[in-house]
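Same chain, two partners: chain A is paired with chain B first, then with chain C.
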Partner chain A sequence: MDVPTIESLNLIAALPTMIVAVGAGVILLIELFLPKEERHWLAILSVVVIAVGLWLTFWDGGRTDAFGGMYVADGFTRFVNIVALGTAFFAILMAYDYNRRRGITRAEFYPLLLFSTSGAMLMGAAGDLVIVFIALELLSIPLYIMTGIRRDDPIAQESALKYFLLGAFASAFLIYGIALTYGVIGSTSLDAVLGAVTSQGLTGNPLLLLGAGLMIVGLGFKVAAVPFHMWTPDVYQGAPTPVTAFMSVAAKVGGFGALLRVLVGAFQDLAGAPRAGGWSLTVWAVAAATMILGNLVALAQRDIKRMLAYSSIAHAGYILMAVIAAGEGVEAGAGAALFYLMAYMFTNLGAFAIVVAVEKDDGSGTDLDSFAGVGRSNLWLGLAMALFMLSLTGIPPLVGFFGKFYIFKAAIDAGLVWLAVIGAVTSVISAFYYVRVIVKMFLEEGTGEAKVPWALALAIGMLALGVLITGLLPAGALDMAEGVILALAP
Partner chain B sequence: MEINLVSAILVLPLLGLIPVVFAGGKDRDDIVRWGAFIASLVTFVVSLGLLFGFDVSDPGLQFVEIFDWIPNLGISYYVGVDGLSILLVLLTAFIMPLAILSSFSAITERIKLYYAFMLILETAMLGVFVAQDLFLFYIFWEVTLVPMYFLIGIWGAENRIYAAIKFFLYTMAGSILMLLAILWLGINGGTFALPELIEQGINYAAFGPATEALLFFAFAIAFAIKVPLWPLHSWLPDAHVQAPTAGSVILAGILLKMGTYGFVRFNLPLFPEASRQYAPLIATLAVIGIIYAAWVSYAQKDMKKLVAYSSVSHLGFVMLGIFALTAQGVQGGILQMINHGLSTGGLFLMVGMLYERRHTKLMSAFGGIWKAMPIYGGLSLIIVLSSMGLPGLNGFVGEFTILMGALGSNVLAMGFAVFAATGVILAAIYLLTMFQKVFMGPLEKEENKALADLNWREIAVLVPIVILLFVIGLYPAPFFGLMDTAVGHLLAQMGQVLTVGR
Partner chain C sequence: MDQSAVNIGLYVILSGVLFTIGIVGVLVRRSAIMIFMAIELMLNSANLALVAFARQHGGVDGQIIAFLVMVIAAAEVAVGLTIIVAVFRRIKTVDVDKLHSLKG
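Let's turn to the complex of A and B:
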């Protein structure tokens, strides 16, 4: 075996991810020398790191590998990077004032957020199953800590513990799946798996199928797919709201990034037609159950963070539809999934930003009734929330609609008409609970109020514009999404 | 650069948002009201340019503007008008200024938001009638939902929240399947442009026996809920009764027409075989709707509810005409869309004006109003008679043509027209009963004696409508002339596909 040289590692390709991780470490060090009252600089530095990461991301488009193929830099990576970095940016804007209000003073907050972001980015760039696992842990462990960062709050502690235990369990599934795959193929490289399945005719291999199944469990947990979704509502409710916002998108971006890399990039030939066995049948059932259960249970929620938790489960179902389409060989499938994640980033972060604005200093005020009358006392905030809710429902011309449109298109293209019908019908169900928020804000009498400091206002404004602009003019983002074609067999 | 008139009327209402949103100072409310009114009036004036520049001998699209919008998916901004849509575009542009004018005194709360929604709604409705790209059409179609939801939900009556949500969910439930059907067509037809899809024709049989029927119903359910076709009508009385007056006027006058228009524009040419096959089914539902809604109408105590159910009944006629699949039927159907928009819009305005004075819509609260409000009484009588279908007024022309069309139909038996005709008689019964209860008899109630007659603004709202009722009633030829070639072309297209298919 050749000893790799620095040149052959091709570090440049992995620069965006590395900058974010290294930046997090540097900020952690700076914090040591920073007096307590100067800590807002940590947030500012984090934003700078994100900006540099974004700038590097836009640098190059073609596929190059780093670390001998363990890290893949291509259009897919680039898209995942943009969404992950965007999520981190908006989460920082939300946390900036929120942390002060709620007394979250621990300086590790921002570095943890950046570490987690780099984990999500790395998941999308994984060219090797080992990287998938490492990236998953890099994404998750900071999330566990951030969830419980309010150590005096028993609910937050319960959430963190629950998240950690179930998360560790899911990691075990993933690593077992990786081990089985390695056992059959003799390599953990995704390209090698893809090549071996075809060349050695392993499409029906039970061990390989089991391995893929276990990995679906592990990653399905991260993206909150039914039946691995149990943690979601409790963790979403217990975590500080900006952390919830961050995790709702970042964990999905990372999870789906890896899921697509593994299922489509390595196990595509194991997909099988929807009714012919293979993983696509399993994912079909998971997607259907996720859409149905997520949307139905969301109907019954009285707390907006729990409602958004079930809504996030439901949206995972829609994205899974695109994953199957990609597995069935529809090239637009992966792009549709990523486009949807971007739409979800704008919309869901926007919704959580409004929750941050309405939430009170003691952490109460996340029940739906607290939103009554907010549209009257603060018209623009109300309109922004209406925009986000309608986008989550999928009303044109907002970006959420376009995301669904693109996914349904990929699904119908792949012959998944019935899954698309389930998606369509559950979208109508979702209208009921999303619209209820608008009803509360505008149509019901109430004394709900909101605090909107400048950073939060900036976040809400940018997100609302994002929802509108990428909805009306999606061509640019679509171009990028269409550049996303997962690696085919070498 | 030459400005396309169709695009212009889509943009003009939105320009009105500028004064509405940025108005300030002590005249704020007046700036908002007049700003919205003038924007919609200018839109109407510009839309007349379409009428004067329209070539009636051309069956195809005119005033076309087309450019790539989302080239990756083959979606374009593609608008234009033809004989099927021009009257509806004009109707929309005509009703909106009147609806806005009628709101001046009725809406006193949160007026900026109100007029902003009105103007957005106008653009969206016009967009529905001019869009020639399926994707663009769907966007406008869904966008109409949001402002209307708020209009009902914020400015409506006591039970407004229930009505608003019901309206939203019903309509969305219908349209989402249409979205899937649109996707299917876009994928398998290779384009979302409607004229090209019709031109090339899709061989549905190649995709399985029920494909065309499924697609037909995916569109039909969306449109049928909007019309509304019996038995999908239950959202309508709630929405109408709870909506503010202008909301009801727009709902009855324009929004419902989006459904009937959808059948003509999409179902007939895209799915000719299925349209023919299921015409008796749709016509049966239409006739049941005509008779059932008329009976229910008769039983109402609330005027607004009565008018709402009468809407269901009248739109049954439109549907019957369309699915007669004859030139007369379709033409009568389109004309009756306009007629219904004018006369039912007028009826709702009428009820609204009384409601502003007395804050009740119950017929039993009135009686002998004519003596107190003679101008109001006179104008109301004309509108009621028009809605009944009295010869000499517009309603008669439309209903008569539809019944003729249904009698001459190849796909519908004679019984359809016979049963439908009883609807005309029933309409006379419930409308005259209402008129009698409200306007005739002695003026007994104290609070009614002091009622002020219409002011200049209210007269200005009703008179243009009344004039049109007479114009269409006495000289309908130019209206038919506008759509003649386009309807002929549509049916020829259908026939061609049908013969080729066989």
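Let's turn to the complex of A and C:
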């Protein structure tokens, strides 16, 4: 075995992720020397780190490996990086004023957010099952802390405990699945797994199937797929709203990035619709249950954060549909999943930004009744919320429509007609609870009001523009998403 | 060689048993501390499997991964126990059945 040199590690390829993690560490250090009233510089520095990360992400093309193939830098990685960094940027804009209002003064907030972002980026770049595990923890552990960062708030503490226990439970499944896969294959490299499954005819190997199943459980928890979704509403409701916004997108990007890498990049030959026992049938059932349960339970929610939690469960179901399509060999599947994640970033972060604006200083005001009349007293805010809600429903010409369209198209190409039908029907059902918010804001009398400081206004404006532009001109983003497919399954 | 192959199978079975005990512990126990200990048991059962498989494959990959798992488990313990202590200070209980202020 060759001893790796610095050159062979090819650190340049992994630079975007490393810069974010290192930047987070540096910001932690700077905080030591910063007087308390100067803490807003931490947010500004974090944005600088994100900007540098984005700039490095756009640097060059083609697939290169770092750390001996453990880190894969290709189009897929680049896309995941962009969505993860964008999510972090908008979450910082939301948190900038919110933290001050709600008394979250701890300086660790922004570094934790950056650490978590680097975890999400690393999940999409994983070339090895061990990296999937480490990245998952790097994504999750800061999220546990950020959920409970208001230590005087019993609700936040309770949700942090629930998130932590179920998250740790899920990572135990993931690592056991990795151990079993290592036992069968003798390597944890995704390429080696893919090669061994094909060349040694391991498609029916029970230990390998069990390992893949356990990994689906572990990652399913992260993306909030039914039946592993129990934590989602409680954690979404209890966490500070910008943290909820961040985790709703970052955990999904990371989770689906890793799911696509593992299920399509390594276990594709195990998918096998005709052969019973492949993972595609299991994921089919999970996706169907996720879409149905998420949308139906969302109808009954009175708190908008809980409603958006069930809506995020439902959206996980749609993306799972694209994962199955990719596993069945439909090349557009992975691209559709990534495009949907980007659409979801713009739309869902936008919805949460409005929730941040309406939320009161004591943390109340997230029930639906608090939104009554907000659209009348604050027209632009109401229009932006209407835009985000319609995009979440999937109304053309907004980006949410194209996201769903590409996923349904990939699903039908893969022969998943029934799943596409379930998706279409549940999308129609979802209109009820999304449109209800718009009705509340414009048609009902109420005393609801909103505070929109400049950072939040900037976030809402950029996100609304994102929803409109990628909706009216989806070609550019889609080209980029489709460029990743060749890289994913070599 | 035959002898060790048999032994490795036994280790893997043992790790499976420990993993199952861990799952049952998480589902049955009500104290956050006991649930957390059951999760640690699951992580360690994975370590046992990794080390046993490393022996079978004659490499050190599995042993190195086991070290990584230990490091990450330690990080998890640090954060997890902090959260459990914070919850206990604030709510005076770590019984997960009594933590139900979030509902809907």
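Keep in mind that, in the parts below, the second predicted complex is superposed on the first by the 482 of 490 C-alpha atoms of A that agree within 3 Å, B and C clash if a C-alpha of one lies under 4 Å from a C-alpha of the other, contacts with A are read in each partner's own complex, and residues count from 1 in each chain.
Just so we're on the same page, contacts are C-beta pairs under 8 Å (C-beta built on N, C-alpha and C of every residue); 3 or more make two chains touch, one makes a residue touch a chain.
None of these values were measured; they are calculated from a predicted model.
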| item | value |
| --- | --- |
| First (chain B), second (chain C), both or neither touched by A:Ile134 | second |
| Chain B versus chain C as contact partner of A:Pro397, first or second or both or neither | first |
| Touching partner for A:Tyr176 - first (chain B), second (chain C), both, neither | second |
| Partner with the higher number of touched chain A residues, chain C or chain B | C |
| Which superposed partner A:Tyr96 touches (first chain B, second chain C, both, neither) | neither |
| Chain B versus chain C as contact partner of A:Phe346, first or second or both or neither | neither |
| Partner chain in contact with A:Glu158 - chain B first, chain C second, else both or neither | second |
| First, second, both or neither for A:Arg306, with chain B first and chain C second | second |
| Chain A residues contacted in one complex by chain B, in the other by chain C | none |
| Of chain A, residues touching chain C in the complex | 130, 133-134, 137, 141, 144-145, 148, 151-155, 157-162, 164-165, 168-169, 171-173, 175-176, 178-180, 182-183, 186-188, 233-234, 237-238, 301-303, 306 |
| Chain B contact footprint on chain A (complex, rising order) | 379, 390, 393, 395-397, 401, 405-406, 408-409, 412-413, 417, 420-421, 424-425, 427-428, 431-432, 435-436, 439, 442-444, 474-475, 478-479, 482 |
| Complex contact set, residues of chain C against chain A | 12, 15, 19, 22, 26, 32, 35-36, 39, 42-43, 45-47, 49-50, 52-53, 56-57, 59, 61-62, 65, 68-69, 72, 75-76, 79-80, 83-84, 86-87, 90-91, 94, 96, 99, 101-102, 104 |
| Complex interface listing, chain B residues touching chain A | 69-73, 113, 135, 138-139, 142-143, 145-146, 149-150, 153-154, 160-161, 164-165, 168-169, 172-173, 176-177, 179-180, 183-184, 186-187 |
